[in-house]
Every structure is written in structure tokens, then in C-alpha cells.
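The chains carry the letters A, B, C and D, assigned in the order they are written, with residues numbered from 1 in each.
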Amino acid sequence: MDPGLLAQYLFNGLMLGTIYAIVAVGFSLFFGVLDVIKFSHGDVVTVGAFSAFGAAGLMAALATLSGPLALAVGLIAALGAGALSGVIIGRLLVLPLKNAPGVNVLLATLMAGTVLREAIRLGVPNGGNPKPFPALLPEGVLKAGSFSVGIDSVIILLAGLAVVLATHLVITRTRLGLSIRAVAQDEEVAQLAGVSFNRTVLGTFALGSMLAGLAGLMLGLYYREINFNMGVMLGIIGFACAVVGGLGSLIGPIIGGFLFAGVQTLVTVVLPFTSAYKDVVAFAVIIALIGLFPTGLIAEKSSERV
Amino acid sequence: MSPLLACSGLTMRFGGLTALDALDIRVGKGETIGLVGPNGSGKTTFFNVLTGLYKPSAGAVQLAEQDLFARSAQEIGRAGVARTFQRSRLMLDQTVFDNIALGALGRLDLSLLSALVLRGRFRRQLSELVERATALTRRFNPQIAANLFKPAGSFTMIDRRRIEICRALVGSPRLLLLDEPSAGMTHEETRALMDDLLAFREEMPDLAIVLVEHEMDVIRRISDRCIVLNFGRKIFEGPFDALIADREVQTAYLGGAQ
Amino acid sequence: MSMADLAPSVPAQTARSGGLARLAVAATVALLFAGGGFLLHAEQQGQVIALLAAFVAVFALAEKVPVGRRIVGLCRAHPGTVNLTAAVSILAIAAALREEHYTLLMMATVALFATAAAGLTLQMAFAGVPNFAGAAFFAVGAYVAALLGNTGIPHLLVLLIAGLAAAVLGLVLLLPVLRTRGHYAALVTIAFGLLLRAFLEVNDVLGGPQGMKVKSFSLFGLDFSRMTEIGPYDVSFYLPYALASCALFGLAFFLVRRLETSFVGVALDAVRSDEVAASVFGLSIARWKATAFLLGNAMIGVAGALYGMMNGFVNPNSANFGDSLIMLSILVLGGLGNLWGAVVAAVVILVIPEKLQAIQEFRLVIFALLVIAILRFRPSGLMPRAARDFSALVKGGAK
Amino acid sequence: MATDQMLARRKLLNVAGAALAALSLATAPALARDTVKIAFIGPLTGGNSATGLGGRNSASLAVDLHNAKPDAKYTYELVPFDDECKPNVGVQVATKAASDKSIIAGITHYCSAVAIATVDTYNRFGLPVVVWGAVLPEITYGNDYKEIHRVNGTMINEGKMAAEFLTKQGFKTFVVIHDTTDYGKGQNKYFAENLKPQGGEILATFPVPPDQQDFTAELTKVKELKPDVVFIGGLTPLGVRVRSQMDRLGIPAQLAGVSGIMSAGFIEGAGPAAEGTVSFHNGAPLTKYADGKAFMDAYAKAGYREDPDAYGPFAFSAANLIMDAIEKAGPDRKKVRDILNTTKGYKALVGEINFDDHRQNIVSANVYVSQDGKWVYWPDSAYATGTKKLPGKAASN
């Protein structure tokens, strides 16, 4: 195959994988501290995208803002809205249901996701239609033979990888990260050691949901189009990546994300005319992998004491 | 006569860590063994290997001539090994009876046919089991027997321990493994529980018991023989009085403190 | 607090005043069903809201007022009376509303989804095997009905085959489901549901995205969709479907309750609550999880087949994730393990949104908020499952 | 609930504003008139709700305007139902509407899967319905139910027109991306069928799930194949994503789509990249019709929160068609059905409505092009006159 096209596929796969990974890391974080699946995560991505869209639009309407400034405003809006919705859902739904069966939390957050999604659909003017996301990054295309890539795509990819790295640093190097790890290991011991459980949980929710908000902004910048439904499938895929990679670890969901994107891209490349089967194949791979690695590729440390 | 339980060269490795190191342990019919050792010395691991929760790396395990080495938990359970757990493993939402019944399920008719259609056999077994559970629990505390169909979670800690022991006994095991039954209980409660156990012991003279315990008082009162583990190795075996005098045992405990 | 705590104290008292107690139980159940029937039928917003308020009040009374708790205890102590009254009430409602197509359609839908929930109860509430692909197995049943409906095979047999097919398809998942737990197992079923739907849609063998027509159910030569009168009465063709669906639910109810009140039930609960303890005491975790998973899927498949026959079509969209979640919501909202709870929840989840048609595009958001409210304030569901009490089955009472 | 009624009331007041003089005349006789109910069924929640709400608003506008007429015999009440674009929910609400004897007729369905699932129900209950948006041919042609009518065209016309027009423009090689619903699959089928005799060649066909977000993998393949045209068989979200991502990968091909992408949403969503996209749609543009501007004005004045969208005018026309039939026949389903069956030369917003023997409106598809942020009727566009060049042509030249 033409190396340029190969590079193109590789870049597409990397990009998709980075986005999946960022969403999946959020799932893994929540699971780490609280053993819950927060299924509204995908819709928080949408909230982030629409907040950035709204903020950038508002700024553009108020004054003619230059690209970087509008981008900064969009970024703050996406992160803020993501964190806020994460904390609200954590405070009002997840913490109170801490002792209920896991499926209750799952269902409650799923419904919370529906509320977010419907609120966007009903609240944004013509919210049922896709919205064009403004091009806030420098335009321009890098070309090499048949390989062409937008400068903005490169920026988004690098930013995405940087965010994954930054999250790793937050978890391993900061006080919040220490608390998160402590609570994830043993809630009781962490509390005895003076780590505030509720604050840590909410901190984790804020952090994970900020990642989701950021993913929303990145999706908007990359696809230049956002819609109220964009988070649904992304949420499921992110969850799948987190589980396949290994819940509760940080590197697992990242591997899961790239794996899922890889399978999807590969099917389209190898079997282009049956690309409709790519989800069939991707999910079959998921089932097979879980059959082979019942606790994820990066196995969760078994903390069960007999 | 060969002993009831015979472990030889029993070894359990987790990665590079050797949790059990070539253990030779024999338990005779009707014997009560006190198993002691510092934290992390391999006592609970020994139980977990013996009950099939961990697969041993090497060695041999026989229960009354039956080979149980590396068998599944349920095979071992059905062979007549029952246990309690250090951290209570009662199903608190379920009734006392359900918890105790679990101990006997391996020997009951669990076919779908008799559950759904041919209920006569099920009812007979149920009546027998209810009677047996009532008799068992009554010996420990009549209050439990009177409330057999209340959730286990509504009982006090000591009653929960009792229920757990009843669960282990209801299936008439040949070997009973008790993992720190006194954990989390006061002196008085522990004493009362041991009294119950000793009283019960007299009715089941063939039952062999291995008891993990930190309370030396308990060990002294009920064990025929003591075994001390340290770093997965057996460092002592003999009567309780000899244990107190043994130097190696003392350094094992004191050494851990240094 | 748990209502279960109250149950054991009741039988002793009721032994003396059995007749009166039974009457009270029957009256309560009949009243609840009458209310449910009105709700199914009510169209005016005012009526709907008043009925909903009445139900909330009833739940509050049953929980907070001594008399209410007493009656709940009585109901738990007399399951036979409850079930008999329920059956009679359903027949009475069906007879009274015999010409109301839409109401009967909703009644049948509720019964069939409750039947599917009974299958999920075996899997999730008893054995603890998560199944997030309920709608997929439901659709499998309907596809089997579509394929076999025209072949001359008696339709009762088709229902059975549909159940079998759903169970067999579930075998594919058995290995990963048995090897995993919790969220991992949940993902296996989520992935399966998405996979099946995508496959049905892409592949034209089973009709592609348009799906297939399903022949209407006929029993002993009696075509359900052609029944417009019974004796002197004009009836909706949905009446036989409503009755058959309720009968199917009755059967599922019977099976699940029998299993629950047997050693199998004890074994399943143990496997769910504590795999370690269960295996130490000689239970095979794999055997029980597999049993529950396959039996549950079979039940879902049978219900799906009848649903397909009633609707007259099946398509890949029937297997969507959203519908699987609807089934799950029914289970959780009703109270895991309580089948009457599942019926109440099925009404809440399937009928209330339809009654909310007047608020049109705001429907979904209001509904989602309602579910959140229930989960938040009644985390163990509308009607929590009672602890298993064998005392009624033991002759002479060992106590 | 109370707020909801208030909302409805406010909407009514808005309409009153739209036809202030007429209304003041009409209020008095309106009290004496009998009320007749008409059902509207479409997707009001979920992914296709934009079109559904646009249709509902348009139908409700038609009803309000009709009620404001002083010489109307009946007062009409629109009863909206949400089919969620789900076939089983569709059957439920269809049963609900059809078994409610006070409902005389229905304006039904945008989603083809739902429309095809419900035809049996309408036939069984004898409720005459007019389909306002679903384009699957089988809805009218797959049965002989006298109750089912359709004002919009089918995808057959669209596919034929697309194949003819695009080959005539000189395009030779095509790649089709269609969604795997029956809408997308059908569009693909009729386009491909009609393209062959015209001499066009399809290099590749990519069936994709309708909710797919990322098309870079497919489009990279497209890049490799270098077709003249990328043809979209799907709805607006799909169209927007493919259009935006084509840009990103630097694919110069012409984009053409079916009526599913001919919405304000496409132009808004794709932004400047929408320029030059070609679409095929049954019926002529609103401005071509005498009442088009009046409709748009009235719609704007009524203050709906959502746009009428591509199929709003059809829902509006279907509502008027039904109300006029009821005016003639009275509130009797059978009579209304018979009158609807024989519709010929009915002047509607979307042009003249003529039903064939399958009660399918005979329409011819028209070509539209996205120009300067609007969908422009091809003959009127700068592209037809040659001032502008279709992007695909510019690339191939």
C-alpha cells in the first residue's frame, strides 16, 4: 500500500484512540475510587463540547476575538462545565447511592446522562440539529505525498497525548492524586490517614469529568461538528475500552482506547466494503478479549481478602 | 491407622514469594490442632490452600486417603472440609437459615426438577434441615433458633460467629477449619463461644478441628496439639506447654517486633 | 428499614384470624389492581395525575403507617391469596376493558416485559449475572417467531423453540460471562447486544434493517389477530394477546417463585452474595451461573416471540441497547428479586411515558428525572424483595 | 403540567398574533363549531426530533390557521404523539390514535421503519392517514391499504433524479456512503439501480451505522479511490460529518446527497464546507409556490422554537388536505378516507397533490444546491448559470 495512505490511516487511528483513551481514563478513575460506573460520562463529553461552542459563540458575538483567545474561553468553558456536571452528579447521585447495588448507580447516572442530553436538545436553539464547531485552531495542511493532515489535527493529537500524560502526573505526583490512590486502595485506611473521602471522590469526579469536557472540545475542533447525541456511543466505547484495558488502572484504558480504534480502523482498511461490520468485529474482539483476560489486559489488583 | 488429613511438602508460591514452604501437617480423627504464628506466617494461606481457594504449587494433600491436591473448592467442600473465615462471610441480607443451609447444600438434592415439580423430596429435605439447623443453633443460642428466618444481619457479632460455625457444622464435616473465631470479640464473648464449641465437640468425637488463633488462652484450653508457622515454614509442633518454652517460637514472635 | 423484618412475626397471629386476614389481603390486592386498571385506561391528565398521587400515597402508607405495614406483612404471609386475587383481578380488568385496543395492548406489553424481567430476575437478582442485552434476547425470540411462524409448526411449540434459541445463543457468551464478574461481565453483554443489532442490520439474510413480518399467534387453530368476538361480546383482538401474555407471566412467576423457594434459590443467592463461601461449601459457581443465565434467556426469548407475534413485525431496532436498559430499569425500580415489583415498575416505565404524551418533547427528560428520583429515594426499589421464609413450607413448623 | 398548558396557551396566543384580525372574527362562531381531532405522529424526542418537531409545528400551524378561518365548519384539534422513531413505540401510539374514535385522521411518521411497521394497524382500525415524511417506497407500494396516503415522494424519484443529474453533469465515478437503516439502504439501492443505465460507475459502497461519528477510515479509502462524487444515503448528521471530514482529509470530490441532508441543519452544521453540495428532494422550493412566503411568515410569527425543517411543509400540506376532506365529508373516517383516496389536483403548499392508485402523491424530484448558506433550487442557482462551478468539477478539470 502507498505509504502516504498508510500514514493517513495510522494518524486517523491514533487520533481516534487518543479520544477514546481520554474518555476511558475517566471511567477508570471513577471506578478506582468508588467502584462505580458513571454512565453519564459520554454525555458530559457532549456538555463540554456544547459549552465550548456556546462560549466561543458568545465571545464572537460580543467582540471579534482572535482565535487563541476564543479557544482559551472555549477551553475554560469546556473544563468548567465538565467539572461542574461531574461534581453535581457525584454529589447528588453517586455519593448518596454509594451503598446501593452497583447497577443502581449505573442506571441513575445513565438517566442523568439522558437529562443532560435532553437538556441540550431542548435548551439549545434547534438543539436537535448538528452544530458547526468554529475552527479555533490555525488552519493549514501539512502534505507529504498522499498523506495530508491539518495542522489543527496535529495540535489536537499532541494536546490529547499531553493530557493523558498530565493526568498520569496528577495521579502520581500531586496531593489529590495521592488521596485518590489512597482511597482507591483502601477507603477505611485512607480515612484513618486523614484523607477526606467525600472530597477525594468529588475531586476525582471533577478531574475525570474535566477530561470528558476536554474530549468534547477536542471532538468539536477535530470534526468541526457537534450534536446532542455525540456522547452516547462514545460513552459506551469509552466504557468498553476502560474495561478491556482493566478498570482501576491508568494505563489499561489507554491501551484499550488505542486497541479499539485500531480494530475499527483495521477492519475498514482490510475489509473496506464490509465496513459496516466494523462494530460487529470490534465488539466481538471485546468479548473475546474479556473471555481471555477476565479482569482486563492490565489486571486489576485483587484486593479481596479471604 | 493413617491420619485423617495428611499434607506433605505442601508449598504455595505467589510469584517470588513462598507463602507455604514444604509443610508437613497431619491431623488425626477427633484431634484439635491449634495453629499459631505471627501475622503473615501463612496460617490463612494454609486454610485457603486446604479449601481449594488457592492452587498449591507442590506437595500432596490427602483426606482419609482421598487425594485432594489442587482440587477445586467445591470438590474439597464435598469431601468433608468446612471452614469459617477471619472476616465474617455471612450473607447478611439473607436469613439465618439460608446461611446455615449453604453448609449443607452440597449434599442436598439441587436438581431443577425437584425444585420445580417434584416438591415432595425437597420438602422432606427441608424439614430435616430446618430441624437440624434449629437443633444446632439452639445449642449455641436459643434466640438464634427462634429466629431462624430473620436476616443474619440483624444479629450481634457473637451470634454471627455462632451462625458461621453452625454453617460449617451443619454438613457434618470431617475436618473443621476455624480462622480466628475470636477476632473482634471481647474476652467474655470468646470464652462463651469456646465453651459452646467444647460442649458441641463432645457430641462429634470424630470431628477434627484446626483452629487459627492469636489468643493463647483459647489455644491452651481447647487444643490437643499446637503447630507454629513462621514465614510459611513449620517451626514447632507439640503440646501447648512445650510451645511456651520453645525458643524458636519466642524469637519468631519477638523477632517480628524488633 | 426493610419490610422483611416484619414478616416473621405475622404468621403466628394470622393463624388465629386467617380468614379475616385473607380477606384484607384480597381486598388490598384487588384495590391495587383496580387502580392499575384505571391508570392503564385513564386518558385525561387530571385522572392520571390523581391516580399517580394515589399510588405514591399508598406506598407511603405501606411504609410509614403501622396499619400499612401490617397489611404488607399480611400480604407477604399469604402469597397464595395475593396471587389468586391478582389472577382474578387481571381477568376482571380484561373483561371490563375487552374492547379497549390500546389499553389491552399496553397490558400485554407490560406482562411481556415483566416476563422478560422475570428472566432477568433469575440472572441478576438471584445468580448475580448481569445481563445488559435483554432486548437482544427478546429480539432473538421474535426473529425465531418470524422464521417459524409460517412453517406450520404449532405456535406454542414455536414459543418454546424461541426460548431455546435464545438460550443457545446465550451459550456463546457463557464462557466470558462465567470467567468474569460485575462490570466486566456487564460489558460482555453490552457488547453482545450492540453486536447482534449491528449484525442484524447489516446482514440482509434476516430482512436487514426492515426486519421481518411475524405471523400472528394462533392457538389450536384460533388466530389471535382475527378474534373480534367471544360469544355475544365484541372484543379487541388484543384481548387474547393480553390474556396469553398474562398467562405467560403467570407461568414465569410460578417458575421463578418455585426456584426461589427451593434449595436452588438458596444456592443461587449464595453464588451471588459470596462466591468464595459458596464454592468452599461445595457449590459449583459455573453451574449455577450458567443455569440462571440460560434459563433466564429462555424466558426472555419466549416473551419476545409472543411480543413479535403481537406486533406483527420484528426488526434490528428491537435489539437496541435502550430497550435492554428499559428491562433493566424495570428490574431495579421494582426491587431486585420481587416479581410483583417488576410488574409495578413495568407499568411505571412503559405506561407512564405514554400517559405523558401531552408533554411531548419534554417527555423523556421528565421520565429520566422520575427514575432518578425513585432510585435516589428508594434505592432498593419500589417493592424490595423479602427475605426467604421457609416456615410455611415446613410441616408442623419447626419453630 | 401547568406550565405545559401555559406553553400551549402562549403558542395559541402567538398564532392569534399571526392572524389577529381573522381571529377576532372567528372566535364567536368557533364556539358553536364541533371539535374534530387529528393525530400527528412523529419523532418528538431522540436523534430525529428536529425534523419531527418541525413537522409537528407545521401541522399545528396549519390547524391554527384553519381554525382561524371564519367559514370553517369544524374546530380542529391536533393531538401529537411521539413515536420516538422506534417501530414498537410507533405501533403503540398508532394503536392509541387509531382506537380513539374521536380521532378522524392522522398525519403520520417521518421514520420509514416506523411508518412501515404501522400500516397494518391503520388498515385494521380504518384510520385514514397521510404520511408526511417517510420515503420508503413500500409504505404505499408494498400494500393495498386504502387508509395509507403519502404527500411526499419516495426515494425512487430521488435516486433516479440523482443518477440522471449527476451523470449529465459529467461525473463518472462514484463512492456511496449510506447508513444501514432502510432509509440509507433504499437510497443506495435506487441510486445504484438508476446509475448503471446512465453509465456511471460505483467504485465502492460503504454501509455505516447511522450514529457513527468518525469517517476518517472510510474517507481515507475514498481518497485512495479518487471518485468524482461522494454520494450520501443518509440523514443530516451523517451528511454533516462526512462533509466536514472530507475537508479535513483533503478530498476534492463533489458531495451529493438525498433529501435526508437537505435541511437547514446540514448547512448550519457543515458551515462553509456545505457550499456546492448537491441534493435531490421531492417537490419544489417553498418560494416557488404562491403560499410559500406566507407559510414562512406565519411560521415565524407563531414563534415556534424549532425550524420547520425539510418536511415541515409536507406536514402542513397533509394537515390541510385532511382538514379540507373533513370539511367536505364530515367527521367520518370512511368518508374522509374515500375523499382522500380520490385526491386529484389539490392545491397545497407543496404544490399540486395527485394520488396514484396506491395513494402515493406523484411528485418529481428537484435538484438543489447549497449556495451562500442556503439551499437553492438548481435552475435558479449561480451554478446552473455557470457563474459558479461545482467543487467536484473544479477539481476534476
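In this section, a residue touches a chain if its C-beta (ideal position, glycine included) is under 8 Å from a C-beta of that chain, and two chains touch if they have at least 3 such contacts.
Worth saying up front: this structure is predicted, and the values here are computed from it rather than measured.
Asker: Note the shortest touch-path length, in steps, from chain B to chain C.
Answerer: 1
Asker: Starting at chain B, how many touch steps does it take at minimum to reach chain D?
Answerer: 2
Asker: Of the pairs A-D and C-D, which shows more C-beta pairs in contact?
Answerer: Between A-D and C-D, the larger count of C-beta pairs in contact belongs to A-D.
Asker: Let me have the rounded angstrom distance from the C-alpha centre of chain A over to the C-alpha centre of chain B, please.
Answerer: Each chain's C-alpha centroid was found; their separation is 48 Å.
Asker: As a quick test, compute the distance in whole Å between the mean CA positions of chain A and chain C.
Answerer: 35
Asker: Nearest whole angstrom, what separates the Cα centre of chain C from the Cα centre of chain D?
Answerer: 39
Asker: If I count partner chains per residue in chain B, which residues reach a count of at least 2?
Answerer: 53, 85
Asker: Which residue numbers or ranges of chain C touch two or more of the other chains?
Answerer: Counting only residues that touch two or more other chains, chain C contributes 198, 201-202, 276, 361-362, 364.
Asker: Do you know which chain A residues sit against two or more other chains?
Answerer: Counting only residues that touch two or more other chains, chain A contributes 118, 276, 279, 306.
Asker: Taking the complex as given, what residues does chain A use to touch chain C?
Answerer: Within the complex, chain A contacts chain C at residues 31, 37, 92-93, 96-97, 99-104, 106-108, 110-112, 114-115, 118-119, 122, 236, 239-240, 243-244, 247, 274, 276-277, 279-280, 283-284, 286-288, 290-291, 294-296, 304, 306.
Asker: Considering only the defined contacts, which chain C positions touch chain A in the complex?
Answerer: 124, 130, 173, 175-176, 179-184, 186-188, 190-192, 194-195, 198-199, 201-202, 276, 321, 325, 328-329, 332, 336, 361-362, 364-365, 368-369, 371-372, 375-376, 379-380
Asker: State the interface residues of chain C toward chain D in the complex, per the touch definition above.
Answerer: Going by the criterion above, the answer is residues 45, 49, 100-102, 105-106, 109, 198, 201-202, 208-211, 236-238, 307, 311-313, 315, 317-318, 320, 354, 357-364.
Asker: Under the stated contact criterion, what part of chain D meets chain C in this complex?
Answerer: 1, 4, 44-46, 49, 53, 56, 80-82, 86-88, 91-93, 95-96, 98-100, 113, 116-117, 120, 124-125, 138, 180-182, 185, 207, 209
Asker: Considering only the defined contacts, which chain D positions touch chain A in the complex?
Answerer: 45, 47-51, 53, 180, 204-209, 211-214, 216-218, 220-221, 223-224, 236-237, 240-241, 244-245, 247-250, 263-265, 268-271, 273, 305-307
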